[in-house]
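Shared between the two complexes below is subunit A, which has subunit B as its partner in the first and subunit C in the second.
Showing the complex of A and B:
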């Protein structure tokens, strides 16, 4: 998505969106849970009855998922190894969440990250005053 | 003016009178510095002492010591008089305070910040933990936070609110999952979180599903309807176990089988190899349950062997599962 409005000029880290629109969509939906899974190895069940198992690189607000180092099993159980796989959000049916991931905590962490970034961007000019006043 | 001169002369003379008493010198000059001992000089300059000498104080090189710090000094009596009357800018206690505050305007005052903080708390429910800085930021943060977690309880009174109740009360739900045409299967689990798209995060999930059909069977597959869905659901509940979780022509079959019509059963039997094998399996179960004719049993045994190659029903357990809302047909809270 193209960047809109008041953005931080710092190049965005992997976790953060570049557009406000995506951020708001993500914040108000369960996509934040999937974003919290970035870096984890998970299985994504697709709408076409095939499955892809790999490390989640990124998930955007529309649930488009980018995976790396993927074992793709099509519906005839034929295995294929792929370095990179991009799945359109609409084609996702399930995402298996690893057992060690706490769902509520992940959601809360992601929401706080979004909140922090949002305030950072909007406080642009006034950011310098923070340290003085808090001291 | 003459009187004043006389007065001053008088006072001078008085002082000159006193001076000779304390000292041996007879000269009536006021500024006596060297011959007098140091103490006397200080006393003369000291305003509070009896021996205060105003002329000496005026012409002395150093200023007389002030009895009180920050005392207000006036240039003449008239000035003092007007000050006493309370002219413009008189130092009333409140004025002094105002002037002090004005002088310290730029400096961040902890007391002022405290006052502002108290104001904030009264006005709105600020959910921000750190509330140390200025008022402009507060206005922005005053709106209550709206995110996926806060929106969950907001749905009360709507079907999603019912789903929220399942989250709160940890009610087991069965989620029907769809394939693009028809029902795929059922996921039974506890809802942890959901959103308006019906995306759901479930834990402790038992998924029962059927592989999709291909070819002829797919072609003959009947479209899923709500009534068929609930009939399938009732059938599933009635039979239990790992029954196929797919649609079937339950009405026709059940009516046929209940009538126990010999003619109809052959018909249905012949139709079944070409029809959805899920149907055949449900028909098989129905046959097992309801029809006790030898013909039926015979047919059942035949059919039992048939539909194993495709469209099998599977069950699996997944600890934590995320379901995209698009694939959800319905959510069925389980009675306790």
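Showing the complex of A and C:
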């Protein structure tokens, strides 16, 4: 069901590196692992005993999570389907990591993305210890 | 329902405005009005100025619901931590303005009990739900949880110095810049050998300027290449240890 809104109903995973501060926070916490789950379908347990299962669209440095095509189960076990869901980091208790996800690899990939962003900004101005060898 | 009299529409930082939006709080229909998704707070009020506002830190989640079997109309669902209606009904006789503050400060206790308020914003224009949702996401991101101990505030506003951090953690694979003093200790064995070789070449090229009669080159690189072929045993003993120095 395509909506006529500005965004498509199935947005592509969004890279959320919007600020230096967020990059630094992400780099120094396990949030990088969650950010690497973009595109995966997983379950998020909320602090109020409800759960939300859907595809991860984005996770920011404050662990705010955006999910799509969500099956939301409230505390009374009532199921609701939600097209898009945004849960604040403060309200997240657990995020289930899918079994097929390689945790170390995901973390390493995310960290290298952060470093690429950082080094891209300093390209040309970045200095290396040894000049490149010309052969 | 919180009665806010003389409420003016926000003039700044309004990410999204949606008219003809019905607000339903914990199942109670409050009427039709305008929703303002502003950077400072979420406001809804009808044309006569009656309405309520929500502080983003109190909002636990928001979502787009298009499942008409769960709720008959497509809407924006907002879950607020804590109770709005109960407190306010008791205090409607008193100053309504104080309710705003109380809503925010009761977060801690109510969270433990899991008390929530469910608000549904039902716009007449269903296609606008995505915009409303996105605007709320953006504004929510502007209000990170101040109680979060995990966020490292040491780096707030400052550029995280990769070079400094790399020097601290000894990550020699990250391209970084060392001063002469710091750098020597951070060299790997291979790095040490390379450094010695280069220094040797440099020293040798200086020596070459005096040995090569009549020719004095400025190009150190050219000297390297020449230097390899000329007897440089005295200078490069270490490097060519296992080779026959014979030309």
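Just so it is clear, the second predicted complex is superposed on the first by the 109 of 135 C-alpha atoms of A that agree within 3 Å, B and C clash if a C-alpha of one lies under 4 Å from a C-alpha of the other, contacts with A are read in each partner's own complex, and residues count from 1 in each chain.
Quick note on the criterion: a residue touches a chain if its C-beta (ideal position, glycine included) is under 8 Å from a C-beta of that chain, and two chains touch if they have at least 3 such contacts.
Keep in mind that this is a model prediction, so the values were computed, not measured.
S.K.: Does the superposition put A:28 against subunit B (first), subunit C (second), both, or neither?
M.R.: After superposing on A, A:28 lies in contact with both subunit B and subunit C.
S.K.: With both complexes overlaid on chain A, does A:108 touch subunit B (first), subunit C (second), both or neither?
M.R.: So A:108 only meets subunit B here.
S.K.: If you stack the two complexes on chain A, which partner ends up touching A:47: first (subunit B), second (subunit C), both, or neither?
M.R.: So A:47 meets both subunit B and subunit C here.
S.K.: Once the shared chain is lined up, is A:90 touching subunit B (first), subunit C (second), both, or neither of them?
M.R.: The answer is both, since A:90 touches subunit B and subunit C.
S.K.: Between subunit B (first) and subunit C (second), which, if any, makes contact with A:59: first, second, both or neither?
M.R.: neither
S.K.: Looking at subunit A, which partner touches more of its residues: subunit C or subunit B?
M.R.: Looking at subunit A, the partner in contact with more of its residues is C.
S.K.: Who does A:80 touch here: subunit B (first), subunit C (second), both, or neither?
M.R.: Second partner only, subunit C.
S.K.: Scan A:99 for contacts with subunit B and subunit C and give back first, second, both or neither.
M.R.: Only subunit B; A:99 stays clear of subunit C.
S.K.: Taking the stated contact definition, name every residue in subunit A that is touched by subunit B in one complex and by subunit C in the other, in rising order.
M.R.: 27-29, 31, 47, 49, 75, 89-90, 115, 119, 126, 129-130
S.K.: In the complex, go through subunit B and note every residue touching subunit A.
M.R.: Residues in contact with subunit A: 108, 130, 132-134, 136-137, 140-141, 145-149, 151, 177, 179-180, 192-197, 199-201, 203, 211-212, 318-324, 326-327.
S.K.: Per the contact definition, I'd like the list of subunit A residues that touch subunit B in the complex.
M.R.: Checking each residue of subunit A against subunit B gives 27-34, 47, 49, 63, 75, 89-90, 92-99, 101, 103-104, 107-108, 111, 114-115, 119, 122-123, 126, 129-130, 132-134.
S.K.: Where on subunit C is subunit A touching in the complex?
M.R.: Going through subunit C, the ones touching subunit A are 57, 59-67, 70-71, 77, 79, 81, 111, 114, 116, 126-131, 133-134, 136-137, 140-141, 144-145, 147-148, 150-152, 155-160, 162, 174-178, 183, 191, 194.
S.K.: For the complex, give me every residue of subunit A touching subunit C.
M.R.: Result: residues 1, 3-7, 9, 20-21, 23-25, 27-29, 31, 46-49, 52, 60-62, 64, 66, 70, 72, 75, 80-91, 115, 118-119, 126-130 of subunit A touch subunit C.
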